[in-house]
Amino acid sequence: MRILVANANTTEAITQACVAAARAAAAPGTQIIGATPGFGPAVISTRVENAIAAHALLATLAEHAGAVEAVVLAVSHDTALDAARQMMPCPVLGMTEAACLTACLLGGSFGVLTLGQARPYEELVARHGLAARCAEVVGLPLTPQQAIADPDGAAAQVLAAAEAMAARCDSVVLGGAALAGLAAGLQARSPVPLLDGIACAVTLAEAMVRMRLPKPRAGSYAAPQGREAIGLSPALAALLRG
Amino acid sequence: MRILVANANTTEAITQACVAAARAAAAPGTQIIGATPGFGPAVISTRVENAIAAHALLATLAEHAGAVEAVVLAVSHDTALDAARQMMPCPVLGMTEAACLTACLLGGSFGVLTLGQARPYEELVARHGLAARCAEVVGLPLTPQQAIADPDGAAAQVLAAAEAMAARCDSVVLGGAALAGLAAGLQARSPVPLLDGIACAVTLAEAMVRMRLPKPRAGSYAAPQGREAIGLSPALAALLRG
Amino acid sequence: MRILVANANTTEAITQACVAAARAAAAPGTQIIGATPGFGPAVISTRVENAIAAHALLATLAEHAGAVEAVVLAVSHDTALDAARQMMPCPVLGMTEAACLTACLLGGSFGVLTLGQARPYEELVARHGLAARCAEVVGLPLTPQQAIADPDGAAAQVLAAAEAMAARCDSVVLGGAALAGLAAGLQARSPVPLLDGIACAVTLAEAMVRMRLPKPRAGSYAAPQGREAIGLSPALAALLRG
Amino acid sequence: MRILVANANTTEAITQACVAAARAAAAPGTQIIGATPGFGPAVISTRVENAIAAHALLATLAEHAGAVEAVVLAVSHDTALDAARQMMPCPVLGMTEAACLTACLLGGSFGVLTLGQARPYEELVARHGLAARCAEVVGLPLTPQQAIADPDGAAAQVLAAAEAMAARCDSVVLGGAALAGLAAGLQARSPVPLLDGIACAVTLAEAMVRMRLPKPRAGSYAAPQGREAIGLSPALAALLRG
Amino acid sequence: MRILVANANTTEAITQACVAAARAAAAPGTQIIGATPGFGPAVISTRVENAIAAHALLATLAEHAGAVEAVVLAVSHDTALDAARQMMPCPVLGMTEAACLTACLLGGSFGVLTLGQARPYEELVARHGLAARCAEVVGLPLTPQQAIADPDGAAAQVLAAAEAMAARCDSVVLGGAALAGLAAGLQARSPVPLLDGIACAVTLAEAMVRMRLPKPRAGSYAAPQGREAIGLSPALAALLRG
Amino acid sequence: MRILVANANTTEAITQACVAAARAAAAPGTQIIGATPGFGPAVISTRVENAIAAHALLATLAEHAGAVEAVVLAVSHDTALDAARQMMPCPVLGMTEAACLTACLLGGSFGVLTLGQARPYEELVARHGLAARCAEVVGLPLTPQQAIADPDGAAAQVLAAAEAMAARCDSVVLGGAALAGLAAGLQARSPVPLLDGIACAVTLAEAMVRMRLPKPRAGSYAAPQGREAIGLSPALAALLRG
């Protein structure tokens, strides 16, 4: 099984880190293929960058349409998730949505823990229609740079937050690239399960491939047909024409 | 991997049908074990029977605690799902919740199609916190007996309903035992994917086992400890004592 | 008028305390009859116990069907409330729902004050469809044992909490058996009314009896008819057969 | 016990009809006192009239403050309900809210059946925070005049609507003065209970009086104190001064 | 263009302050006309006063129907807003709703900052159907008298609150007459825009006049026709007759 | 005042039509400037095209940053609205959101009428947080091509739909470019006001300019600062760098 792990920003190191995390989570026999957009923001941290990266991500995915059996969007904002699902002939999973749905399968309410502002993740959970299952979103007062410079300090703060969140949450989704990979090391000490977006998305992607569900032929997730555009990459233009 | 497929009513034929469906969906290497409660309703179709069956189902699960790696509740009401999750040391999946979460992974909005009253499934979806993703619940004017007596007629009605629901739904969950197994045969002719509860639950159960997430040690999903009771089966009483 | 006050756990002392509270609240001429299940948890404090107790409670109620004019469920989780309403030929009231609806009749928003985790009561209020009227649920950091061992200390904590909750709540529902009976003594000192579940449920049960409303003959609250089961008590099996 | 049944419009015949309905529902020993405002709309059927009638109703209630033990607002819009609750020293019940809360005590979902536009009752139910319990609001294409001129025809339409609504509703609240009194005659033929606002409000008012709950001393339902105004009736001005 | 700025209470000084604020916000060529009710509360601060003021405000508006091109209700509770919209032949704007809708046009989530209890503004925002856009309502522990006596201290508290609210809010609506006029002076120092109800309402009223939208001829906002009443002012009675 | 009317697709004729509509709605002294993206879909009708057009639209807007006082997005999907608001130093309005907010200012509930699928507009209204004000979204069974080929037939269908929607809606927003311009001609015959997105957006944009509100300096709508990217247009890259 070939799964594309597609970064939405142009920083190759982030792609490589996500590919490594995906490989650690994948079943034997699953091949992980990384992809990095050819244009767009270095790291997405604003609404403007997220909107631009949607185009860049779709152009990247278009290069792989038909050549992979599933796609994992390696970006915690689940950038362009609905458009990618419409465009691609295979299942597409967003890492934050996948972690939230895994939390639902565990039962009860989940929390989301991230760095910086909580608000964008609250919006994301609501847009995914999962607000009723989400007890709280907590933003640690840390920048990604600080978290990467002092991983032990960041881990301690994450664990303390998870302990506090356990009063209301039956599991905690770790949101944001800077927290990726922390879950495994802290799992044994956390009172509730910690969910890593890449691990959840890759495992659920494998499940979706095995279910062999057809693509919708009607509605707004049916593949585009006969749509004209100018100035797009050949692969993207071809998918719009159908 | 051993997955328990636990019926919540006492009709052995339903257990066998669910086990067969589970085996058809399972990955190679997954062993499906069926279980039927020793007491309770023949077929659940009222609130009273559902409440009684919760106890019967928990008593049945208790016999298998520690001996299976995941549980699928083979009852479309997701009977006792939260209690089973708290009690068992392994992942527990409800067939209707699993199908709804699979629909979420496909993207967009889902519908639920069932026989008879729509209202109980609306309540179930709401209790699962997924009402925001559910565009409609449709109850076909058919009894389970009629559906089983005339499977071709039932299939035609399901297909017609799916075509109508595609105006608002990007996928359709088939709810209720009498519709189990219909999805595969109609998939190619339906405008949107049809989701079968047992197939979704078994495949997602395999994914959950592979994720190896720990059980919560805090909150209302942590295993019971030191709880006393009278008149329960030894296995159930033992799990309450912890 | 005969009102059954049915405990959902097997601790006879709790039944007696609830019966005494019910008698204090009842109108002259109302006869209060207590009942304790023959099996199940000693005290309900987990999801597993609540699910088991639902069966035990229904079996208990079945012994009294036709012999009482109303039922009050003397358990703050409103265990099996919907199933009991379907099964019994008379009105059935849950003590927490009754207190919440009394709060609605007082006007404005209510709060719920309990011992320990707030989350289960938040879920209960939401399942009753009353979340829009509930401003907050507060869990005091006290165990039931502590509250019973030091009633004056518990009363002081309840009063302090009610004073703080009055900033958002126009009345406060006391949830959980360990707080039962506190309302009357603190009423005069609390800035907003304190609502005791048993007192509210008994008084509203008397009102429901006087309204003489018929039982639904359609839908999921109509009495079961022709349902088969095995291993149930004769009275419970008889009600399922209709 | 003295209960004031206060009309919100100036049509004395409506007051008398409501008083008669209240007496039919009241317990022995309850004295029903009718009141009609001295100014305002003849019959409320617009937003403007409802706003004016709020003042008229409060002025009417003020004449009775301290002289009655409970108030029933005999107007299906529950006009000025929150203000009346703040102002009066005794429980105040609105007939539509009381019927909706009685429906909640019966269990499941309720519907509201009225004449003409459904929308205002949808807004009213939502403002009462009970939308989650209300499955639908149905407006029959009849004017109050037509319903009064042909009561048998109206009854037949109400019964037909109740039968259709039973597919989604476990009880039906009859909203609007023109349907008052119909419930009793149709009860035996309706598949689900029909709830009459005056009957529910009077019986619940009696229950509230028996509960002897204190008035809040804090928050927006505490009685006004030291408020100055000009041009109001002496009784109303006195209550504002406290 | 003539815009009526109608106070809902009888304190002429508040009318004059609102008229001055309106003139400061109005475009050249807009004429601001103030109006003060002839009866009712001096200052609205309870539910009772608000209900009475609704009648007083409608009577005041009725004197100006046809003589102005728009109405701004100069009362932060948006008293009688829906009734005024139905009654008047021109656009009617409430100052708090107008500020909230301006916040929506700025994008993201807004907060509301007021003096005293937050709860009434939470209810108001919910009744306007805008709760999904409102991140929080904060009530400063200040009375209007304190705010007016120490404007610099009040301004410092407002600024501090706005800085704290900026963690969740993209703009802040200042609610309540005592905060009127503060926005302009603090705007440059606040991290997010501060919205003044009178300024927003006047500017949006000018926009509504320019759009020349017709009044609805159907539904509950169509003008009253043929409604009879007693004891009302001639102008108000005339509008009810249509 | 200079207002940019920015199309999100590359069809110049649509830009010109929107510019003409904007000029018809603008106040004297307002200058309307049209803009068409240099790349992207000819006409947006899929999720994929909408995501691509977001980038194209932002690139177009970036060329005008600082040279206009407000922006109207001339695309009924309100494409990239939140990103454009963050990026631009001036107010940015979406035509559908502007029409919905105008409907709120009129009072009561609004409906949305469009061609084809209703679902995307339901999602859009929900994402704008306005679902509580929206009574229904109706999709006429017409393609844009059919509407343009037979404008009288389309107008008749729109009017018939508006008449039916008036049973639940106090105003109707016309969504989608093919219905643009119909409102004015049908206004006199419709029972409730018809709202045209371009007209509402231009008039409200003028109002926002006059309010002179500052841009947020904190939160996710503050302008990007120091963000790096590759392969973007110079103007867009410059705005990301701040």
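The letters A, B, C, D, E and F name the chains in turn, as written, and every chain counts its residues from 1.
As a working rule, a residue touches a chain if its C-beta (ideal position, glycine included) is under 8 Å from a C-beta of that chain, and two chains touch if they have at least 3 such contacts.
Owing to the predicted nature of the structure, the values given are computational and were not obtained by experimental measurement.
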Task: Required steps from chain E to chain F (each step between touching chains, minimum) - done: 1
TODO: Answer with same or different: of all residue numbers used at the interface between chain A and chain B, are over half used by both copies?
DONE: same
Task: Centre distance in Å when chain B and chain E are each reduced to the mean of their C-alpha atoms - done: 52
Open item on the list: Measuring centre to centre with CA averages, how many angstrom lie between chain B and chain D?
Closed with: 44
Open item on the list: If I count partner chains per residue in chain F, which residues reach a count of at least 2?
Closed with: 82, 85-86, 117, 119, 167, 219-221
TODO: Note which residues of chain C are touching chain B in the complex, please.
DONE: 10, 38-43, 45-52, 54-56, 58, 80, 82-83, 85-87, 117, 119-120, 127, 219-221, 224, 227-232, 236, 239-240
- [ ] Would you mind writing out the residues of chain B in touch with chain A in their complex?
- [x] 25, 27, 81-82, 85-86, 91-93, 97-98, 101-102, 104-108, 128-133, 166-167, 169-171, 187-188, 190-193, 195, 199-200, 203-204, 206-208, 210-211, 213-221
TODO: Mind listing the chain A positions that touch chain E in their complex?
DONE: 117-119
TODO: Name, in rising order, each residue of chain E that touches chain A in their complex.
DONE: 109, 135, 167-168
